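Dropping the structures in below, format is structure tokens.
Each of the next two complexes has subunit A plus one more chain, namely subunit B in the first and subunit C in the second.
Here is the complex of A and B:
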């Protein structure tokens, strides 16, 4: 299994197109950091404008607000919407790309079981996804910490603001990145499933993005019927649950409780649903592939 | 000699299309077995079924005396194959491609072993160049190297000389003969270059529209002094009836509503013409053919054959 996985990783990481995603992330993170470095005050004012009616903020408070943790949070919020496209570039290509190149038939006439072949292919896509996320974490979190420094982190919520002590932030980021890895693996699993049905990688990539767009629209619509019956089961509803790690509990006096998470059960439920999707997508992909006639 | 491949009643239907229809044949050990048929005859589908890429609708395949379906991995470990054009990972080097397929075949090949394989097919000097810089002929040779790298007992080659120049074709021909005669490998080879098949194949199978047309040893099917005579009459059904009860029956090789083929020694052709006249068979045309290519064409052109002798 390990030898096969090494082959798959060699195929992914020796391919120039793999680095398009790494380049895109680098460019976006750099541009956001540059913009906030040059005009961070306007961004903070905009951020606080919704709350300014009920709260008053001192200039000292505002100056502390723009730090590496908040910048990373802003980057993650923006980038995790774009990441599915970058993930599907590789996962959607994993089987369809081989079929298109004509290497699928050469691989499947070797003494390797189709189930094993699929598992290895999927694991390679997951490793790529995690590598992409680690790259983003290094640039967005550690890069922003270097550029903007660290301080307490303030998170805006519809109910007000949560202030998290600087010493209480880092583990939340690790948890959030871990959750994001599962969320993006769900996308990888979907693209991987669609890849089984196609003989070129464009189809699965476009189909993956189309499904995400439709599901996201459904997730965002405020229609009672959808709220109760459909939204809770759409994977897109649970993709952004990583933010829950930055929502904290507070005492009756309004003081945030260090190490707390406002709604851990909701995060765990979302995580379970995403894991269910991953298992379902991969199981169907393997089941279909085992029966498939290879005509490419 | 024992049968390395034994196929019985092999059938593959793609919805309405009957790609392979009740095909049966056997391939003996250490022979070069030619697999002939026109485009769309069902060759590729048959080869894909032999290599487990396509699941048969009906029939059984035994290779090395074991049922393919039950012993897939064990059997594939002993098979090397190139199917149609050998597409490889163009962004990797030749030796990297070879290492990938060696590993997938379950062997850990040293650099020296890989270089030897590339040497054998004549591209060792380009081992470290990316495949995207290879010519079609070089890709073909690399494809053959991937089929041989794990030292298989059975080699399946689908159009292995595609894209090769005359020298390349001669090199591959010599390699196939060497594999069969010196190393006692069994080679199952499909090709549209029938003149090539004539030079290398010991036995052959011709299929048309998914059905077997003829199978046998090349020297028995085709003797240089034999003539293949294609007969067209005003009423083939009546002509076949008359031939079946005459002394010419022994020459009948293939008969259908559209095609009557007789096989006889060249000295017997005048006798055939004389007897046809005597039997009052209304002959529209009579054509003598004497190359394997003509023989192949005579068997596979026209409408579906209703039966073969």
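Here is the complex of A and C:
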């Protein structure tokens, strides 16, 4: 299986298009960092505009606020909405691409079971997804820490502000990246499933993105009917649960409790739902593929 | 005999009448303050004026309904007449508007521009209440009320109503630096404005807050507590600190 996986990884990483995603992430992260380095004050003023009536913010405060942790959080918020496209580029191509090139039947001539073949294909997509995420973590987190330094992290939510001491931030990022890996694997699993039904990779990629866009809109809409019925079961609702690691508990008088997570059961529930989606998508993909008449 | 008894009864009645009539006057005389409000203020001013500048170490706790923040180590700088700066030595602290009022020097330096009104004593605490009304109609401060322990010549509580920034309240606890009128602990209460950011901007992870939490967030009162651990008084503070 390992040999098979190595071959699949070799296929993925020898294709130039694989590096489009790495290049795109590098460009986006660098451009955001550059913009914030040059004009971070405007961004901070925008963030604090709602608070300026009650608090006074010195230039020193603003420069401390614009630290590597905040910049990374802003990049992740923006990128984790775009990253599914980059993930689906590879995962959506995994089976459909082979079908398109006419190599799928050839691949299955080898003495490898279809289930094993599918698992290896999926694992290769997951490894690519994790590699992409690690690359983003290195650039967005460590790069921003290098450029902007570190300080307490302030998370601005729609109804409140969570301030986390600098010493209490790093483990949260590791947990958040771990969670994001599962969230993006869900996308990879969806694209992988759709890939089984298609003869070229464009279809699964566009279908994956369409589903994500529709689900994201539904997740962000504040309509009570959807809130209670549909939203809790959309995977896009749970993909942003990585942010939950940055929501902290506080004492009755508002003092942050170090090492706390405001609602860990909610994160675990979201994680379970995403794992359920991954298992469901992969199972259906394998089941369909096993029954499929491979003609190309 | 009967006439004598009637005469004694009448005299007693007259005495009671006189006593009842004179009682308020007697009471009012016995409760007249030993010092006038102006004298108390002058004594506090003299105490406060001993301090030209200070640098103090402290721990700052922010208690605002919509902010969760760790306790911060801060340095508080003061320089006459009214320069105050609270600086977080390591992290970030949300400092409320009007925090310059944590120093009462603001009031006492400029005391001549206020009407000093004696408002008696607080029934519960027995503290002397003195109200300060600005003479200038366009002054930012509309009214200041000081609650003073006149046996120690210390302001224990101050409420300041401003034209644009609502009402501030200061509560002071004194200890080692009481001789300078400097508190060991200050609780600064203030009004906050509503905080809300669009969900489309924050992309929150909705973990489903309870109704009690939602109501708590709507509370518009905020508090900042500063526990002073050390003062360095009159050793000079450069102006650059306040820029």
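Observations on the structure shown:
FYI, the second predicted complex is superposed on the first by the 289 of 296 C-alpha atoms of A that agree within 3 Å, B and C clash if a C-alpha of one lies under 4 Å from a C-alpha of the other, contacts with A are read in each partner's own complex, and residues count from 1 in each chain.
We take it that contacts are C-beta pairs under 8 Å (C-beta built on N, C-alpha and C of every residue); 3 or more make two chains touch, one makes a residue touch a chain.
Worth saying up front: this structure is predicted, and the values here are computed from it rather than measured.
By the touch criterion stated above, A:4 is placed in contact with subunit B alone, subunit C being left untouched.
Considering which of subunit B and subunit C touches more of subunit A, the answer is C.
When the shared chain is aligned, no partner comes close enough to touch A:37: not subunit B, not subunit C.
In the overlay built on the shared chain, the residue A:101 is in contact with subunit B alone; subunit C does not reach it. Once chain A of one complex is fitted onto chain A of the other, the partner contacts of A:65 are limited to subunit C, with no touch recorded for subunit B.
Of the two partner chains placed around the shared chain by superposition, subunit C is the only one that A:161 touches, whereas subunit B remains out of contact.
Applying the stated contact rule after C-alpha superposition, one finds that A:151 touches subunit C and leaves subunit B untouched.
Residues of subunit A that lie in the contact sets of both subunit B and subunit C are absent, per the superposition on chain A. Within the complex formed with subunit C, the subunit A residues making contact are 50-51, 53-56, 60-61, 64-65, 77, 81, 151-152, 154, 156-166, 220, 222, 237, 240-244, 247-250, 253-256, 258, 262-263, 266-267, 270.
Residue ranges on subunit A touching subunit B, taken from their complex, read 3-4, 7, 10-11, 14-16, 101-103, 105-113, 291, 293-295. On the side of subunit C, the complex with subunit A involves touching residues 61-71, 87-88, 90-97, 99, 190-193, 195-209, 214, 217, 222-223.
The residues of subunit B lying in touch with subunit A in their complex are 48, 51-55, 72-74, 76-77, 79, 81-92, 96, 100-101, 103-106, 143, 146.
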